[in-house]
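For reference, the structures are reproduced in the following blocks.
Same chain, two partners: chain A is paired with chain B first, then with chain C.
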Partner chain A sequence: MSEVAFLALEGLAKSYGSFQAVRALSLQLREGELLSLLGPSGCGKTTTLRMVGGFTAPDQGSIRIAGEDITKYPAEVRPTGMVFQRAALWPHMNVWHNVAFGLKIRRVPRPEIYRRVRETLELVGLPDSGKKYPPQLSGGQAQRIALARALVLRPKVLLLDEPFSNLDAQLRLRLREEVRSIQQLSGLTTLLVTHDQAEALAISDRIAVMESGEVLQECNPADLYTRPANLRVARFVGEMNVLKTELIGGALKLFGECARHHSLDALVDGPVTVAIRPEDLVLEPGQGARIESVSDLGHALQVHLQTAHGPVRAWTSRKTLRPGESVRPGAQRCLLYREDRLLLEISAREVSDAPST
Partner chain B sequence: MTTLQAGARTQQEKRPIRAQLTGLLLVAPPIALLALLVAWPAVSAISFSLGLIPGNNLLFSQGLHLIRSDHPTFQVYKALWGQPAFRADLALTVGVALWSTLSICVLAYALALYTHFHRHRLATLLRSLYLVPMFVPVVIASYGLLLFFEGRGWLGSLIAQLGAPYRSPIFHQGGVVLGQVWQGIPFGVLLLGAGLEQIAPELLDAARDCGANIWTLLGRVILPLNWTGLLIVATFTFIGGMGSFTIPFLLGPNAPQLLAVEMNNYFGSFDQPQPAVAMAVLTFLIASLAGGLYVFATYRQRKL
Partner chain C sequence: MSRPLSKVTGWALLIGLSFFLIGPLVNLLLWAFSSRWPYPSLLPEHWSLRWWRFVLQDHSIAHAVWASLSTAPVVTLLSVLLCLPAAYALSRLPVPGGRFWMISLLAINAFPKFGLYIAIATLFFRIGLIGTYWGVILIQLLGTVVFMVWIPKAAFDAVPRELEEAARDCGAKPLAVFLRVTLPIALPSIAIAAILAFLAAFDESQGTLIVGAPNITTMPILMYRLVSSYPQPVSAVFSVLLGLPSLTLLLLVRRSLLSGRLAAGFGV
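This part shows the complex of A and B:
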């Protein structure tokens, strides 16, 4: 990818005293690509974004945009545009002046400013909001104006720092789709920081999962969900059952049965940690798992079961229930799983996800 | 049921009246105190300066060169304005107050910005040091400044050792400005610093992201967002400067003199309370103009 990388971060590191916020982080984005930095609070994703934006100086490493090394450039001259977690609109300026601010600083001719501000406000769907002041805008409108303020300068790279996190659920869904649409329309290379896995999975071309200042896995959303590189990623992305069990004679002891899989052949017997997603478990009539409770998620039923390995969550659709069958607390069920959806870890060492059969 | 509801309604209707009365009773003491200590003396001083001398007030009726009248007259003000010395005093007072205000605003803003945006040792030290003048009584500070800046003081002696000429600001208007700056800096930095704390860091980052350099950031974002605080500092410093006595008395020039010192002379040494009160009324009016700015600033802040 390096020969086509539009934004390239190489060996970026940043420490605050003894705390290492980012450790030797390397990432590459193609032109027009949207990559999400996904991780829990304090994992270093915002620090990384701020280093790209020029607000935080890296201790080590380099940042290149379109081949140009911008590591030493201050924020005000970088070809980046940033949208912050809070809209950060200047309250003493109306929307028009907020959006036109950067153009005025660049001494763009007045007719050009007028045209670009108008076009950008139309692009974000608020063409008539120019005279409004920030306190008169809703949260979603304010974030759109913040996006317009970044877009109007035609940055080479758009930086989004959890821009939807302060919005209510409905608005967040709508706005993220709109932002994705605008990003694709304008072909902007975009780096998004989020701790919301659903958001990252929904709008990213690629996702880099971060923890403790490092990238744990970097791939497309589908692979990240179905083939997490290790348990740390698996735990963070989507719902996951993590169960302690063991390998006996090359067979995996799980839900009351010992199953021999091809992928287990090379492994030595002993304790093993197994991870499997709730939707990859199937409830069948039988014994081995007792239903503790059932909660309705709307699109599915979430069934909480007690097994020999501890509590397990399984999702089942109403449509898959047989006529007359119901899932009631206290009932016994047999749990089935797909071998290719299992993630195994022996001790602290990640092994592999089992190959598809 | 109906009777019960009606009873409850009457109780609810009574409650606001009782609440209003309680509220009025609570604010009555401070309002009465304000009327007694501020409004009444102010009204009586204004009427005295307009020639209406109360017969039962010995302090007002026994001074020299009293101008008495049955109706309000500006004779006292005309007489004052006719004196070149008074005009020079007034010009000096307003000039010193303006210079002090300007100096304090600039220095306090620079200090507030520096201590707000920097986290290294010097900034940490300054954050503690700038408050020191607040804990030193004005009279002590004035003598300290006198000993340091006077012609034969520490600085003068040092410069004399180097063979360079030195013109001490002490006993000139510069000395008063120096004293006012010393006294006013902590208040200015505290208030402006608090204002800067209110500015979300993202607002500044967003401006930098749009291409604002430090001066654009200061002029187009920080100052407009902190304008009210600056106006408040300027207003209070100016009003304080107009009425300041100790610093002008100890560090100021002999002629012309600042109005507060001159008022004291007229009232005590010259036994002419009427011109002294007229000067006080004029000082009050000029300060009121500045006070109007403060009211405007707070109104604007509320509107935002």
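This part shows the complex of A and C:
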């Protein structure tokens, strides 16, 4: 990155015995940027976040915030604020004292504590909750107070450890939008850990997909969705049809046709794995795929088809159906795809870090 | 049908239990205020405060009350000061042989203590602790350690790590984290442990008898003498006196223990 990184992780590594949780991880965040660490459980995303927060000491590497190396600082002096997965509010203090705790520790004058706590409770939308105790709060309220407790100290970097994962679906959607707007309003540099790809796509400036302690791909949400770097990323983000087929004489054999693509020119014949999203497939009258079943997703129809390469899902909008046409199980269709939406990997190299098409 | 039935059983159990728990206490109280209570009568024939006067005017009894009240609270305080750090360390720090220490504390209580006391008395005799105040303090302390380590350790274990990490994240140094987060959350259990430690010290008689004789006679030791050499109302009066400190303690902590807020917080 050419700009000056506000939060810079360089070559971070952490092992627990023989298990390498994080391997030589480097990331840069611009000021005010929200970057999501996305990956399945055990991929090292939480370990990375805890290293930034100061709760886990890295074996190697460095962490800099605004140019200052904080790698050796204990958690209590780092300019970071963390929101934990389970709100982790102190049950023996009411909401007001939970939020004021850090300010009191810092010996901020009382009038200023009063003002800042009140402002922050207003910011998270719970101005009248000061006298409540944590057990009296709902899950969403508790998470808002946990956010207020971090924000009131005006951290340079906000750390969010799956803060929405314990909430029910509707509340999760609403709260993540709120957190995103607070984050954008206050221009807070934020690192979010999540295993929910929809959440990462919805509120991130950039996403780093992690697996086995490494970053597989780091880019903005749109690119991650339309141009996943490899099959491992593709499988994790959004819906994806993964099909095994082969290259014959420089042409791709797919859905009963052999097609030459420019992108195939440099590749040798042999088995390949292709991935294509359900919405990038178009159903046309013809042969090659048999409709097995149709389910209504609301925004589209999901058509399950049986092909020579195995089962395939395609999403089709009702609007694109011709008058009188219906998709019925048992009917034959021809599947069309756009060459530039196809992700292709030579099968033998799939597990390696080979560059994709 | 099953509900009213179980209700009946519940009441029957409650009444049966109260008969065994409260019956003897009522009997004790009646004895303490009676001057004559021959066998077949349901209640004493004569009521009086004469045995109270007798007991409260007796010098050896005043001495025993003082001996008990000057040892048990000190033992409790020392126990808290010594055992809480140990409990915290066993809960949070990588103590070498931590399990071994926990089990060995239990082992002290797993056997009849009399043999242990004899061995300790021999040692105390050599170093001149027999018949001294600090000798009694030490021997009583021994019986409290198991409560004051095991119960607070479990309480510290139950405090979620995230609560401590959240406090560090807000800028609290380790000591502040302990004093303002860990300790207050564990406090109800620690209070119970302290009450148990106080009662263990207050009721301790075997070790105190062996180590404290002949200079120090605490209330339970005097009790043995009273039971064998005075009429029954005297020991009844004395039993009531013996029960007063524990009763006071329980009433004092009742409010904070039953408030529920602290207990409810554990599930966060």
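Structure notes:
Here is the rule we use: the second predicted complex is superposed on the first by the 346 of 357 C-alpha atoms of A that agree within 3 Å, B and C clash if a C-alpha of one lies under 4 Å from a C-alpha of the other, contacts with A are read in each partner's own complex, and residues count from 1 in each chain.
Criterion: a contact is a pair of C-beta atoms (placed from the backbone, for glycine too) under 8 Å apart; a residue touches a chain by one contact, two chains touch by 3 or more.
The model shown is predicted, which means the values in this text are computed figures rather than measured ones.
Aligning the two structures on chain A places chain B and chain C in a clash. Of the two partner chains placed by the overlay, neither chain B nor chain C lies in contact with A:G44.
Residue contacts after overlaying the shared chain place A:P91 against chain B and chain C alike.
Of the two partner chains, neither chain B nor chain C is touched by A:G140. Of the two partner chains placed by superposition, A:P58 touches none, neither chain B nor chain C. Residue contacts after overlaying the shared chain place A:P163 against neither chain B nor chain C. Overlap of the chain B and chain C interfaces on chain A: residues 53-55, 74-77, 80-82, 84, 86, 88-92, 101-102, 105-106, 135, 146, 149-150, 153. Chain A makes touch with chain B in their complex at residues 53-55, 74-77, 80-82, 84-86, 88-92, 101-102, 105-106, 135, 146, 149-150, 153.
Across the complex, chain B meets chain A through its residues 200, 202-203, 205-213, 216, 220-221, 224-225, 304. Every residue of chain A that touches chain C in the complex is listed here, in rising order: 53-55, 74-77, 80-82, 84, 86-92, 101-102, 105-106, 133-135, 146, 149-150, 153. Considering their complex, residues 160, 162-163, 165-173, 176, 180-181, 184-185, 261-262, 264-268 of chain C touch chain A.
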